[in-house]
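Remarks on the structure that follows.
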């Protein structure tokens, strides 16, 4: 669980709800107009903009990954892979069948090794899985960014529609207020959806894409070494050498020198 | 048929129509002012901006390709080309005359082979066709983007004209409303044309440009191999090796690991 | 004549004039305030921004080239050069003196050859002319873009001045309308000048720069080959080989495959 | 102490306070609405956008470094390192134990040398420290920029909420003023936080990142030379040769020729 | 003297003054509020953004160079250097002591030669001067751009403060006008300072940076050749060969072919 995404969304909702309550009731902020134009408009533009496959895979994958976290950091993965290499060396492929791991992608690789597939098959399959996954995560990030970019525009369109109706039907100037309030809600919804949800999620998915690429490449390398019956020490050392500086530093991260 | 483009346009129209109906009637949103300035202004600026040839070819080609889809994915194309290579090997050039295919560009290549043109002539002609086509598709994408960029500006110009007329002729403040409504319609039209039609189509054409380049290059390579009487197995293997990762993965796309 | 630029400007003017007339009279759109601030402000900022030489050469050259077109396409130029090579071979330098051509830059090169200047002198002079010309055309494109970027800002400045005067002198709220109309005119003028004139012209000049570079380089190469008494066939073949793909395709452009 | 950051913040506060007092009292500018939406919204979006580790380390490190300055310029550092090299040569590692220096990172390096650690260990540790530190400083700069980018958007969201409440509850138009004042405060807070605090600090941190990278690399190189018992003259010469032009010029900076 | 910068500023001032006078008096445009927020805010943000050294050197150097011009074009410099080389050859270093030149940087180089310093010393000193100077000119350009970017934001902040005060104290709606006028002045000042002064000057400084780099490098090369007692003809030829195309073309610039 990536608690920060959920916490941020909850905090943002509380902030906006507080402001609404401070000034009266929630009721005046409920607007079917605004919901229809922001979500309807963004969905329509996204349908035109992206192929169906990208939307069907990228959107839910993005939503899922914004809230989940790699259960294991790159450094933990190295330890996990060394542990499994130890088991593989002591008990052979049979021992691997009983190995349990939280990381589904790693579990898949271990299963391939336990089932005795050859090196080429395992590499091809895992690399295809990884590239496929990264492609959809990238599509997800781009779709959230596209929605974050067009939601405020649809908010403005909604407000314009509301204002045209208000001005066109205006007979009694004293009734202008409530109409105006409704019209402004579309702009408000669009700005909130973009700045509180879509754009931050698109940024987060972009960061996760980088991490997942490192982790999954690490897993593929490790699994292939286990398939080759490399010693646990060698597995650990070679994988650590592959790690980019940033991840090798993870342990020191608590003690920032200044 | 690329159903998504049409579906997105229809959905967007429904969304906006719903909002209009919720607030009254369509009538108040009909504005010859707005239509004249958005379309007249965008067309004028596009006439100055692009050469006549680019407009005449790029605009309709873009409109056509936003709604159509490559009938065959890159992977299907490989299968199709392997199938045709099979026929060519069994029945010779004569057999090719009876081959039917949905892809006009492939059909053209096959016809060249069936007619017995030499390799150089076929390569030159097909490459010229492909480059010519990609150039016009790129021009189309750029024209839609240019219109999407200037339509909101012409919307603002239309609204400014309307407001100047309103303020200049204002004798009775109570009549300000309807005038204001008409003035705002130009901004509304400009924002809707840009965000719901032109910018998403420009984005989609850009994505299609990449796909078409891959597909047509694949077809040229395949047709030339068939002209060379290569074996179907070799055709399939070599074309698959040319495919970028993304397209080789197409079959796995349904099973996204997480 | 590049008819499109003129046609676009005329069309844009008609569109805006139509909108003005639909809402009343032209009179209310005449504003010395707006003219002074948009043109005065843009000219002042441009004077600070660019050296005098760039303004004096780039601005009129840009204006001229936005409306004129290379009389000859790259392909026509190759034919023209081959025709002249034919004459040069049959009648010698004397024949070149009678050659007439619409392209002044080509005419200059032919005159050099007819006058018997040596290869180095001709190359140096023509290349210097070409680079000098391209530099000024590039400056012209940049100046139009700079004006297109700052005109809306000066429009806003003009409107702010008008609104400050309106609010400061406001004694009778009923007179607010006409003042407001005048103030908005500056924003209108700025947006129209930028979006209908300056930015499209800057884009068009940028495209022409690319074409002119190709054409003039072609002419230099051709003239030097004629000076070297190369055969017309060789001139045609070598120049066609130099042409970028796009220009070689010009003839096929009518038949866009899809 | 980087006096400029503090001075700029104090000056900015005085400027805004002066403007507030010129027009009345501070009281009307106190708005819990605005504080909640600007800080609550920015914090929420930042929580979603960045991983927890980046926020916990980058934000305070950025705040600290915006106000502190490298006690020593690159040139002073070279002198300091030469001085320490002198001590190390005369008194050996024992003498280093008594060396005092203002730069904590240098002090750490000297302690390693005094404690007799081997070259590899010292290099690894110091480089890890440096990279770790630069990574967090970069995260800090990015977080401040992200807040500076989204604060105005949340200001607009706050103003929209206020205006919706104002219009919805509007019964007496004469009360519109104070409500409007409160609504505008959110936009004001957002613009002030972004333009006076976050964006300038993000820019400054980016400049400091470059300086710190040079200084810490210089210290690592110098400490390693001291560990190798290089002569003070050699240390000074080699380090000066490493310095980028800009820092070598520091002494001349007072006499700008024109 | 770079007359264009001064002329542009004067023209801009006249344009704005004309507009003010056409609508009444100057008095209503005098606003201590606006002056305080635009200049105070921009100075505060600049203090945080840039190190003190950059501000102290870059800002006045930028102001000076926006109004001055290289007394000599690159081509004139070559002539001047050839003239001095002639003197040096005929009269030896003694003759150089009497040489007078308008360009201070050249004068400095000549003095070094006349004083008999060796080649290395002269090269080091002049290159350090040149790099130091270019660094400060670049800082100057960046500071003017940063001010041009934040001035409109502080204008908006000033207007927001004014509007909050207006709405908060609003008891008599008829007094709203003058308050509004004062509030808008801050936005006006910010837009004028940015678009008429800071951004054009930043652009001009950027262009001058390129010219100065060419000229000063030319002077260094020329002075070193004079120190080496090269013949005037060789000096002229070698320096002309160094000149980028653009500057070699300067003489032809009057005759733009079309």
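Brief remarks follow.
A, B, C, D and E label the chains in the order they appear, each numbered from 1.
Following the convention adopted for this analysis, contacts are C-beta pairs under 8 Å (C-beta built on N, C-alpha and C of every residue); 3 or more make two chains touch, one makes a residue touch a chain.
Everything numeric here is computed off the predicted structure, so don't read it as measured data.
In terms of the stated touch criterion, subunit A and subunit D have no partners in common.
Using the contact threshold fixed earlier, the set of chains in contact with both subunit D and subunit E is empty. At the interface between subunit A and subunit B, under half of the residue numbers involved are used by both copies, so each side presents largely different positions. Note on chain placement: the centre of subunit B and the centre of subunit E lie 48 Å apart, centres being C-alpha means.
Inter-chain spacing, taken between the CA centroids of subunit A and subunit B, is 29 Å.
Within subunit E, no positions touching two or more other chains are listed. The touch graph of the protein chains shown is a ring with every node of degree two. Beginning the circuit at subunit A and passing next to subunit D, one meets the chains round the ring in the sequence A, D, E, C, B. Those residues of subunit B lying in contact with subunit C across their complex are 32-33, 36-37, 40-41, 43-53, 57, 61, 64-65, 104-105, 108, 128-129, 131-133, 135-136, 146, 150, 153-154, 156-158, 160-170, 173.
Every residue of subunit C that touches subunit B in the complex is listed here, in rising order: 3-5, 7-9, 11-12, 14-16, 18-20, 22-24, 28-29, 66, 174, 176-178, 180-181, 184-185, 187-188, 191-192, 194-197, 199-201, 203-204, 207, 245-246, 248-249, 252-253, 256-258.
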